[in-house]
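Below you'll find the structures, each written out as structure tokens.
One chain, chain A, links the two complexes that follow: it is found with chain B in the first and with chain C in the second.
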Partner chain A sequence: LDYQHVQVPFEITLWIMLASLAKIGFHLYNKLPSVVPESCLLIFVGLIMGGIIYGLNDRSPPVMDSDIFFLYLLPPIVLDAGYFMPSRPFFENIGTILLYAVVGTIWNVFGIGFSLYGICQVRVFQLQDVSLLHNLLFGSLIAAVDPVAVLAVFEEIHVNEKLHILVFGESLLNDAVTVVLYKLFRSFCEMPTIKSTDVFAGVGKFFVVGLGGVLVGLSFGFTAAFTTRFTKDIRVIEPLFVFLYSYLSYLTAEMFHLSGIVAIIACAMGMKRYVEANISLKSHTTVKYFMKMWSSVSDTLIFIFLGVSTIGENHEWNWPYICFTVIFCLVWRALGVLVLTFFVNRFHVNTITSKDQFIIAYGGLRGAICFSLVFLLPEFHRKKLFIAATTVVILFTVFVQGMTIRPLVDLLAVKRKRESAPTVGEQIHIRFLDHLLAGIEDISGHWGQYYWKDKLEYFNSKYLQKILLREYDQPKSSIVLLYEKLERKHAIELAEAGQLGHGPAHPSLLGPGFLCSSNDRTLRTDQKLEDIQNPDVLDNMQEILARNLYRIRRTGPAYNRHTLPGESEPSEHAKEILILRHKGL
Partner chain B sequence: LDYQHVQVPFEITLWIMLASLAKIGFHLYNKLPSVVPESCLLIFVGLIMGGIIYGLNDRSPPVMDSDIFFLYLLPPIVLDAGYFMPSRPFFENIGTILLYAVVGTIWNVFGIGFSLYGICQVRVFQLQDVSLLHNLLFGSLIAAVDPVAVLAVFEEIHVNEKLHILVFGESLLNDAVTVVLYKLFRSFCEMPTIKSTDVFAGVGKFFVVGLGGVLVGLSFGFTAAFTTRFTKDIRVIEPLFVFLYSYLSYLTAEMFHLSGIVAIIACAMGMKRYVEANISLKSHTTVKYFMKMWSSVSDTLIFIFLGVSTIGENHEWNWPYICFTVIFCLVWRALGVLVLTFFVNRFHVNTITSKDQFIIAYGGLRGAICFSLVFLLPEFHRKKLFIAATTVVILFTVFVQGMTIRPLVDLLAVKRKRESAPTVGEQIHIRFLDHLLAGIEDISGHWGQYYWKDKLEYFNSKYLQKILLREYDQPKSSIVLLYEKLERKHAIELAEAGQLGHGPAHPSLLGPGFLCSSNDRTLRTDQKLEDIQNPDVLDNMQEILARNLYRIRRTGPAYNRHTLPGESEPSEHAKEILILRHKGL
Partner chain C sequence: SVSHSQITRLYSRFTSLDKGENGTLSREDFQRIPELAINPLGDRIINAFFPEGEDQVNFRGFMRTLAHFRPIEDNEKSRDQNGPEPLNSRSNKLHFAFRLYDLDKDDKISRDELLQVLRMMVGVNISDEQLGSIADRTIQEADQDGDSAISFAEFVKVLEKVDVEQKMSIRFLH
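Up next, the complex of A and B:
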């Protein structure tokens, strides 16, 4: 027997196997996952395993290594989150999300830090040796909402899209704030004196960490998209690039002390659109499937390890401090959400209801990130107290809040996610309204959301797509091209005949069956209609319409600062006028 | 900058990225891969990189760690090979493959070892200090054909299936022999005296290593199949089990000093059939895609590392020894193939032509396995000579033989692989012949290939499928069931009417359109025919036919030792007779 030789991969494989089998086990009893969130069950499994290890060895089981967590377990989950992030609600609410993530987190850090310092002054609790700085450091790690825990719980309760994106977006983007504040307070702890310049440097650092992460992520994302332009002959390694580049973006950001989470999300969101268009369908299935698989395994392992690491002798049970930590976490978050939402609602038409506010405050779960950060703390005599408090906060939020949030959502009748996908009609109208609003914003000179979206879309189609897409010039099999062609043909026919036409003004409205000869028309129209009811075809059509309706607007002559009316090609222009005139007749 | 923190994953990711980009680079110029095998190009890239590292650091670049090779790079390639192994030609030629793999490898080891020992006795070459045992040890590592190199070259030249499986199967299965002989000679080198019992123990060990590997592999494979029975609710982690169990089988085999390669192949071949039936189609696409991707990356990394490791000061250039090693490798292999094929051809109808023999002998490429084994040798004063000889043999076989084998195949007009998939008719006839031959073998009492195949199939359908498949009892949407139903209905109708029927004797031959009312018959028949031309539907039909034609034979009354004629259900039996009698009329 030669166990040492294979020990590392063998044990890793066994842990993953255990996690997967645990997942299967829970799902064998259908009722269990509908009552208790999976995360709770997994922590429970971890607790039992930790207990067994503790009982057998009579010493603390190994705690989750922070390096393993940050380098190997966290990236797949964040990549998955970024890649499947619904970009429309995210960007629609980006202001609110950033407010919660930045101001809200800072509010929580200082709120929790100062009030715990107040508790430490109470002589009875014997905590006078915990300094303000240590309390703030603890506040900085306990304040941040955890994306892994939030995702695990919110995936199961299906609240409406906006509510989901507010909590989830906050949990992802607060990473930049957490990184900065945590590192700032940690270095303050080790400094003999703190100058005011250090504080200002810290504030400046926040922008560097956040925006630097975005920049790193986007550059890797675009490189990934560019690389997939050239993989036509070796389809089989296409999925690899998605994973490699996003992982590299994370590692690079971490290397430069930027926010890795922000980087990987920017990378995933940046590349998704182009990569999807470049790679084959099978590659894309593999990418999606493997991402889900990987993140699901990581997530499982994190919760099991969380359970295992809880058992042991790493804790100092000073109950007043621990209880007040839990209370302050709840209170400050609730206050923060109330205050911030007050301001948000003043500037938005689409307000956040008080029910939503309650769920946002209640959904502030803590998880493995706090846990890893508390173990990364430099050694000092009260570290074990912080570990105990963090453990209790995590277990409280995951078990108590995680298990009660679903009944509460039911009880409050919080608006749920709509089950059906939007129809083609809805999609076209939404898109139409977007363009309309962009036009209005452009005319009124208000640089709002639609204005920027429009600019971005213009930049994308003008430059990015040409560089990043393999087949930029070939959206030929498009319903819109057919429409244009028919329109033009019709106009020419009218012009040639020189007569008034009361025929179908929009031939494309008749459907593609219009082209068929009368003999087989009914049959083929039927078939087409059947095709249209097929969800794949529908998706495809939505896609084509979405991509091309924009182009049509672009070739139009009006209300647009980038093209003067005279700029468009003269012959095209003449044709357009011809068509319009004949329509007028 | 904090590079140390992320160094390990960062460098691994960068190496994989380099490998993938190199692959893309080669394929950008379409002509390059058609002349030079990719493996040569990759070694070349490795050589250049090694040269750069050597030039910059002025010391040898890091050699490929044998542990990394055997634990992380080799398993994906072997798993891919085992999973996509065409089982029919493999089992049809298993005898020949084993002969080449076992007897051929032993022949090569001793041939090369003894003749190199002879060279060492020539005083001019200054090699008298290399003992016979060391020569045999060297022979044991240099004799084995390498699956990675063979796969890389033979994938591109498309020789006929039998030839391919002979070379490739040999390269996979000789692992057991190599492991045993290498470890045997290595332990002999360290022993003061060698007893004859040690030699016999070595021979016994061979069976343990080979058969143990098969057992370990099969048990993990069946466990994997059994596990996938329960993944219906969490489709997303299905692919994981395929990878986890096969990797565990490899590691377990390695742990017990068995043949890991044999284990992982047995595992993959054992589980494939059941796993495929249990998991969803998307999961299966992911499994296949990821396997190909992983093996392709591993393969790329291996060849690049091979190139990098070649540069440096690890070599002792004793040219006589090195040149004679190359010559002996070629000569002994050619002789071995000739002698063994002579015996094979005496016992087989389907002989191996002399062209095939030439390609088998010429296709004996050496690769990374030899290379890793030579670095694992215990330190002794001539190790660098062995490293140099191994490097030259690998480069010679990969570059010279690998690059000339394609022109030679063209020149000799070796029979190529047929491009088209077999038709349904062919498949049915092959299957029919199989059953016929199994019956003949059963009657004649000859326990040949078909007899065992039949037994295995019986065991599979009787026990294994019931345990391992999720939906064993539901092959209901089958064309054969329809056929049986129609046959029965027809017979009953005939019996009720009491008249002679000259209607369609085999209603199923009319196609499924037979069931439609005359109104929409033409339309629906057309549609069905279209369906049938669809490759997916065709595959499905082939599958159904393949699975069920067997069952039909089973329910038949004749020539079978497992069921006595009286054993089949009486009512079924009566019906069958009724049908036959009415047919007779």
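Up next, the complex of A and C:
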């Protein structure tokens, strides 16, 4: 038995296998994921595994190595998020997102740090030796909202697109702030004296980290696009380039102490449209599927390892400190969201309602990033306290907040509902007005967006396209591509069947056919009149309408962890609408 | 009335849509907006911009149509009733929507006009009969003078409980 030879890859594969089997297991019970979010279940499995290992070996199970997390587990998730990020809502709300990410995180860090320092001053808790700097350091790693956890939970609750992008965008971008503050405070801990120039250097460093990350990401992204221009004859390795360049951008940014997450997002968003135009359709599908697969595996593994690492002797349980940490995390986040939203609402007419604010505040989940950062702390005598506090906060946010957010959202939504159900006519007219408004908004464009967007488009068409695209005809929007695909399909159908066989007959109501049946119509309506009065038929109608009326394009999140875009319902509806309009023309 | 900054913003939007750069928009310019292509009411909305029988709309016409969707300010609600009604009053907003239903402009939404709109808004899984009975029900709920069609007054009455001011206002035209 030559176990030593294969041990490392064997164990890794076993862990991944365990993670995937656990995932299958959850989805076998249909009811379970709706009550308990998947992340909780995975942590639970991890806890069990950790308990088993601890029981067997009688020592602490392997703690998730920070390097493994930051170098291998985190990049796929962030890449997936960045690649499938719906860019229109993201850039529409970029101001708000940056405000929350930067100012909000700083607010949280200092708030939590200072209040915990205040707690440490209370003699009875025996915490005097935790200095202000240590508290600020702890604050910096615990304040950051974690994209992995947020994604995992927000999938269960269906919030509107704008809210989703706000919380999600914030969780991705606050990495820059976290990195800077964490490293700043850590180096301050080791320095004997702190001068004010050091503080200013810290502030300047923040801009360097953020902007540097974006630059690194964009340069790798454009290089990737340029490379794919020449891959026409070697289609098979095209997907590889996407992953290689993104990973390189992450590693390069980390090497220069810039923000790797921001780099990889910038890379993905920058290269997406050029790469998609250059590579073949099959490579495109491969890229999408592999991204989803890797991010799914990473995600599962992170949560399981979180559970495993909780068991063990790494903790020092000072309950007052821990409890106050949890309380302050909640309180400061809520305050931060309230204050910032107040400012945001003054400048944008697009207000963020109080229900939205609640979801933003309550949805600020902490996850594995905090966990890894706390393990990276230099050894000092209170480290175990911090580890314990971080673990509790993460478990609390994921379990308690994760499980209760859905019922709370439903509760809040129920309170706003009308007292009486809308009549059939109202239902139709309301949906009509919604579509009308969506159309008018699309025609009139949005708040000052188009100035920068047009400038960017101009730059793009004049320079970038010529360099980065293999064939630089006017790049077709996805709608045009879809339309062309439908045209082809339509032509094939016609050729095969000799007539249109799709769906029920198109009502040519103003044609000659109608006039003939007008007499039948009055007869029909009389007969149907009793039917219409029937309450069962009425309920049926409302249900039919509720199910079948096309949704306006804004409802429903555009980013989903588990399905590829284009497989979900709204896109099927889009195809139907295009077909119907095409028939009508 | 509309503020200076809004006019500038809408003008830059107008010019960015105007690919032919001749100061007017044609139907093709509108159809180039991708989100509009998958809007079930896309064609009707585009038609609403063009005056009767014309194929080009200038900036003034563009603004005029969009002015219907300006939010109603609080201080306007109690304006004196003697002046002409502003374009974005509740009644005018509803009239705009009504005109989108009423293609033959006889000031009534007939059953067939309703059916056309319904068919546009609903998926392919509903049969003609089901759609027909839904349309009948809609007319029956609204119809008060027994002509089996929905007049403008009846239309307004159906929507009396709905917050039309909010539903038909673009949030940034403030």
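Everything that follows uses one rule, which is that the second predicted complex is superposed on the first by the 438 of 585 C-alpha atoms of A that agree within 3 Å, B and C clash if a C-alpha of one lies under 4 Å from a C-alpha of the other, contacts with A are read in each partner's own complex, and residues count from 1 in each chain.
Convention: a contact is a pair of C-beta atoms (placed from the backbone, for glycine too) under 8 Å apart; a residue touches a chain by one contact, two chains touch by 3 or more.
Predicted, not measured: the structure shown is a model, and the values here were computed from it.
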Partner chain(s) touched by A:9 [first = chain B, second = chain C, both, neither]: first
Contacts of A:71 with chain B and chain C, given as first, second, both or neither: first
Partner chain in contact with A:248 - chain B first, chain C second, else both or neither: first
Which of chain B and chain C A:28 touches, first, second, both or neither: first
Contacts of A:423 with chain B and chain C, given as first, second, both or neither: second
Touched partner set for A:231, first chain B, second chain C, both or neither: first
Larger contact residue set on chain A - chain B or chain C: C
Chain B versus chain C as contact partner of A:462, first or second or both or neither: neither
Residues of chain C defined as touching chain A within the complex: 9-10, 12-13, 16-17, 30, 33-43, 45, 49, 66, 69, 71, 97, 100-101, 111-112, 115-128, 130, 132-134, 136-138, 140-142, 148, 155, 158-159, 161-162, 164, 167-174
Chain B residues within the chain A interface of the complex: 1-3, 5-6, 8-10, 13-14, 16-17, 20-21, 23-24, 27-28, 30, 67, 71-72, 227, 230-231, 233-234, 236-237, 239-241, 244, 247-248, 251-252, 254-257, 282-283, 285-286, 289-290, 292-293, 296-297
Chain A residues within the chain C interface of the complex: 348-350, 418, 423-426, 428-448, 450-451, 454, 477-480, 483, 502-507, 509-510, 514, 521, 524-525, 528-529, 531-532, 537-538, 541, 544-545, 548-550, 553, 573-574, 576-578, 580-581, 584
